[in-house]
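Below: one structure, written as structure tokens.
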Amino acid sequence: MNASANTPMPKVAIHKFASCSGCQLAFVNMGTDLIELTKLVDIVHMAEFGHVAPEDEPVDVAFIEGSITTPHDVERLLKIRANSRYLLTMGACATSGGIQALRNNADTAEWMRSVYAKPEFIQSLSSSAAIANHVKVDFELWGCPVSVRQMLAAIRSLLFGVAPQISREKVCQECKRRGNNCILVTQGAPCMGPVTRTGCGALCPSFGAPCYTCYGPAENVNAQSFGMCLMGLGLSPEQVARKFASINNAAPVFSEATQLFSGSAWMEE
Amino acid sequence: MSHTANHDPNREIRIDVPLLTRVEGEGSLEFVARNGRIESLQLRIFEPPRLFEKFLEGKDYSEVPNIAARVCGVCPIAYQMTSIRAMEKVFGMQESPWVHAMRRVVYYGEWLQSHALHLNLFAAPDFLGFSDVIHMAHRHPEDVRRGMHLQELGNDMLRLLGGRSVHPIGLRVGGFFRAPPKHEVADLVDKLLAARDLVREFVAWAVGLPYPKDEQEFVSIAVRHPHEYGINEGRLASDRGLDIDFSEYPERFREHQVSHSTAHYSMLDGSSYFLGPLARMNLNFDLLPAEVQDLARELGLRFPSHDMFHNVAARALECYLAVVDSLNILQAYRLPNRPWIEPTPRAGVGHHCTEAPRGMIYHRFELNESGEVIAATMIPPTSQNQARLEQNLNVAMERFGLQHADEQLRELCEKVIRNYDPCLSCSTHFLKMTVHRE
Amino acid sequence: MMKTHNCYVPHEAEIIERVQETPDIFTWHLRFSDAEIAQHYRFRHGQFNMLYLYGVGEVAISVMSGDGENLWHTVRAVGRVTKAMMDLPVGSRIGVRGPFGSYWPLDIARGKDVVFVTAGLGCAPVMSSIRYVVEHRQDYGRLVIMQSVRHRHESLWEPQYEAWRALPNTQVLLTASRDQTRWPNWELGRVSVLLEKADYNKEECVVMMCGPDAMMRDTAMTLKGLGVTAANIYVSLERNMQCAVGHCGHCQLGGKFVCKDGPVFPWPEVEALMCVKEY
Amino acid sequence: MKDMRYFPRAGLAELIAAIKESGYRVIGPRVEPGQGGLAYREIAGVEDLPRGLSDEQSPARYRLHPNGSQRYFAWANTSSAIKPFVFTPREKLWTVVRKEGRLHFEANHEVAKKTAVFGVRACDLAALALQDAHFLRGAHTDVFYRARREKLLLVAVNCSHAAETCFCASTGDGPEVSDGYDLLLDELDDGFLIRHGSTKGAMIMTDLVTQEASPEQISQACAQGELCRERQTRALPEASRLPGLMQRLESPLWDEVAERCLACGNCTAVCPSCFCHREFDSPLLNGKHSEHWRDADSCFSEDHSYLVGEVVRAHTRARYRQWMTHKLATWVEQYGRTGCTGCGRCITWCPAGIDFVDEANKLLSAEEEA
């Protein structure tokens, strides 16, 4: 994906599926870097931007925002994959199914009836699936929203012809680098930093707010022990389960933890 | 707009815009005309429902702001703050003056970010004849840079109190997690001071854009507050005499669903209504700081106005308001003892409305005695505006005349739609336009 | 290092020649851009340099041969940095810091039999010392070279080995652990197969070994069983390396920093910990 | 003791002012709003110090309580030691500019600020000495660390209060400060005893109005230290027994602790002697130059022991074992003593409340039984 003066610029597409558009907005919000970026790559598809190349136009890099919820989504996604050299997920929806994956275990038909008076108008799969459940994903950028710094670094790496470097360490590491005092220790706050992946710069604990897992699971998570820690802070098993069932509820490590602490399952182990 | 009107107006016209661009979210437009009459004109929002209202059920009140934000990455503050206030009402909590003021600042941040983005990236290319902002930037680099600068300033305001601009993390029931330290406030004040002239130029530029005239009949609705330009507190008012408490919303406003879209249509006493910057100006111009009113007069702007494209000017003027009023608030900044009040959960129902960048948003929360959600309703501005938008399109197209070429008809449609700055992610949806000429 | 200098900052070097050895192994011939640095650069067999790829990062690579004006490195493209390095054309510039670490006991080995055991690309760190022994053949006793690869076609320096096989008092033993066909001069199986065939003075020898941890552990144990003194067995270890000067802590093996106390260690110094899983 | 002087409590403001006048930014213990607990932060003056507050520390718990006194230093320790002011958790090492194919490397020349750290404890000074040995005394010197170290002014205060987590008496590093300071204070009910340990400190003392310390005052100070020592309930096994950990590398107790350990690395981050860090490149978007940075790292993270395609210490068991055996056993081989100075931070700040001392004792007594 090296660009030089006489070769055409690499083509980049940004596609949207079920999402809040927040990752795209984070992208559009990057300021003057956006202008810099358009000098390095050719953004051929990004509806918000006013660019709509057909889904079967070959591109070098496709970023996918959003999760897969309808049969039509699946068709589109397959077309995109087939025409992209690298496919990167951008954000929690695309990477783990997002907050809307909460409906995966629910009775969707019943939910539809209650929210939409005439559900027959709505064509929908019963689940919200991560992109990787349907096609091969080359690199995952977690976060809700995605970190633009990480996204630019990924593009820069691909321009250099190397794989993006994506750290899976815990939020706590970044929290300590920022010199924060741990709010779990000083306030008994149920901060999810010890199970959550770095990337946000330990934003929440720096504001005195408990982390709520928006960057997804870190490597080597000890969900069982951490759940017990949270119970030690006074949370009920159900509350612990809900802590894991947040923005990245369908990430396997978190959905297993949710199961573990739901009901009385946690005691049997 | 210079047009050659040499087509047969009685021909069959079918226009499809399968993927509307430069709006937030995804949707289409479908337009069919036959024998000189518009037969159907439908905005379709195709994004499948994400069922937020349903999966908020059972969540703890403290989890609501973070989940509600995810309805829309474009106006997360609107979702967070409206739900927070609705729940605070359940708990019988009053805002402290500090919290009230800081909520305005963070909301102004969202307005400035969203308005600048809309005007710069979405709307201006329409009026200046460019396909997108990148092409526009080649010809008008200074204008584009100024818009981006203001967008970034809005982001800075969001970051001061919210930590990040998309899905901020600083807001909580009771107030804020963190009181910004004085030096950070001082830095922002410097930036705001430095942007004052820039934003005045920006307003003048936006007011001077060559947009069409589009006089329409409509009812404006906005939050009205006795002492300040309505944003996050007050009552619901219209220019036809409506003046109700937020809790009366469900009695007066009704939602229904139509077959072509997953969006819900909202009606006030059975008819459509209009929300957004122009509606706010129409109702609350008198409450703008004198400085902002003066600028409007200098530029020859008069409100109330029923020219739909004055929405552009209103949006720009609100950018100036955001800078001026945030300065007023932040120049008098004091550190509070504590940036939040600890809530004491109790059971009940709370209603609240605030002014999202695109217009009024309504939330209703029913909580149990431990503060868990029993039922949630969230009605975004775009779905409330949808009926009005379709009427607006009908009238505008008829007035423009079907003798115009399809391409010109489509352009006008898109301009009219973008003028509402619809957020299709919000209404849990996006547009695809199909125009049929038969 | 070369002159008083901030030990973290690389020096520019130019790729003046490159050889594609196998589909994923290449050799670089480098030269420092700064003549003074080139002149003062000295390395000892077994030491390594940190090679820096612009905008991407650094990797530890053994010095194959040469001096500051002609520095040779053989690299296997395995990951982020090394794969991209393989794409660099002649004339490109990279960063080089070094040399770092300990070296092979070529002095101690003088007058004794010398045994080299390598597996995989593990040969890179010992290649330069084999060459040294070959060049100073009269100073050493018997020379035994054992090399194990998975497949014969991965073997980099087969012509070189064949040439050495012809030297007096020298034994070259090769094996392919995963091949089906048995080639002439080749065995089938792991290093252990070769150890049985090797002929050298167990009491008066120095063994130099490089390869995966498990291979070195098993071989050292076998050699001890055969009567080789543990202190005469030397290994070159690989651990994650960031700074290469004993500051970053990544390469620690117990109390040892592999970058500065190693990579070459007498076996007894590391034996205990090399035998602990995941230490 | 002959150089010991006394000044009343009000003199503390003068001392801080004198230090500032000598061009230092002053770092002191401060209550961290929003995050709770004490942290070393820049202070404007005495008004920022934690007057009348004491800390309560236990595994996974740190709280501050009013103690009814006027004292500023009636607490055991802050969340971090001196470490971040010398070994910065994130810093740029060098920049490389690519121009016409050539690479131009340039070390980061950020000028270190003169920094005074106020309220330093004995355990932290001992840990600083360990870091000095690591970053300054080897064949290669870390010039970034050195630049900051040379600009440091250390104002130590002898402990008068031990936390439940403290065990410096058992490591021999406290509670009394013995060396490594520029100025040393003892806080008494109505004022301070002060002495200097360097010419830098002596210079600052000359600006200060002090009186000769009375024998009563000196004995009060000694008694405080004694009390502090007696109050320590935790103790590491004797130094001579610690190498025994290396005989327990296959103990099932490592699995047992790994069941609780979150591998979050909070212990290594707060430990005043841990020195691990990793390097990475951060290129400009347009690719015209690149910066080379380093981040504090932890042996609890997977990158720490990553080798192409494998992680040497893939499991928490091995990572915890690395942390403890390095700190208590193999450190001795590297720097002639253990890497633990008894500050107790890894106990307090472990979100899972794992007690380092308790684990070490369990492991070693299991060894003896075995």
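Letters A, B, C and D mark the chains in the order given here, with residues in each chain numbered from 1 onward.
Keep this in mind: contacts are C-beta pairs under 8 Å (C-beta built on N, C-alpha and C of every residue); 3 or more make two chains touch, one makes a residue touch a chain.
In this text the structure is predicted, and so the values were computed from the model without any measurement.
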Chain labels contacting chain A and also chain C: D
Least step count from chain B to chain D, where 1 means the two chains touch: 1
Chain closest to the middle [Cα centroid of all protein chains]: A
Between the pairs A-B and A-D, the one where more C-beta pairs touch: A-B
Centroid distance [mean C-alpha coordinates] between chain B and chain A, Å: 26
Centre-of-Cα separation between chain D and chain A, whole angstrom: 37
Between chain C and chain B, distance of the C-alpha-averaged centres to the nearest whole Å: 65
Rounded Å distance between chain C and chain D, as computed from the means of their C-alpha atoms: 40
Chain B, residues touching no fewer than two other chains: 177-178
Chain A: positions in contact with at least two other chains: 156, 160, 165, 207-208
Residues of chain C touching at least two other chains: 54-56, 79
Arrangement of touching chains [line / ring / star / complete / other]: other
Pairs of chains satisfying the touch condition: A-B, A-C, A-D, B-D, C-D
Contacting residues of chain B [partner chain A, same complex]: 19-26, 47-55, 59-60, 63, 66-67, 70-74, 76, 113, 117, 121-122, 125, 131-134, 137, 144-145, 148, 151-152, 155, 163-167, 169-170, 172, 177-178, 256-257, 259, 261-262, 264, 423, 425, 430
Chain D - residues contacting chain C, complex: 93-94, 96, 98, 101-107, 134-135, 138-143, 246, 249-250, 275-281, 283, 287, 290, 292, 294, 297, 299, 303-309, 312-315, 317-318, 321-322, 325-326, 330-334
Of all residues in chain C, those that touch chain D in their complex: 1, 6-12, 33, 52, 54-58, 78-79, 91-95, 238-240, 242-243, 245-250, 252, 254-257, 260, 272, 276-279
Residues of chain A that touch chain D when the two form their complex: 33, 36-37, 39-40, 152-153, 155-156, 159-160, 165, 167-170, 172-173, 176-188, 191, 193-195, 205, 207-208, 219-220, 222, 224-226, 229, 232
Residue numbers on chain A that touch chain B, as the complex places them: 16, 18-26, 28-29, 31-32, 34-35, 38, 43, 47-52, 69-70, 98-100, 102-103, 106, 108, 111-112, 114-118, 121-124, 128, 144-145, 200, 203-204, 206-209, 212, 214, 239, 242, 246-247
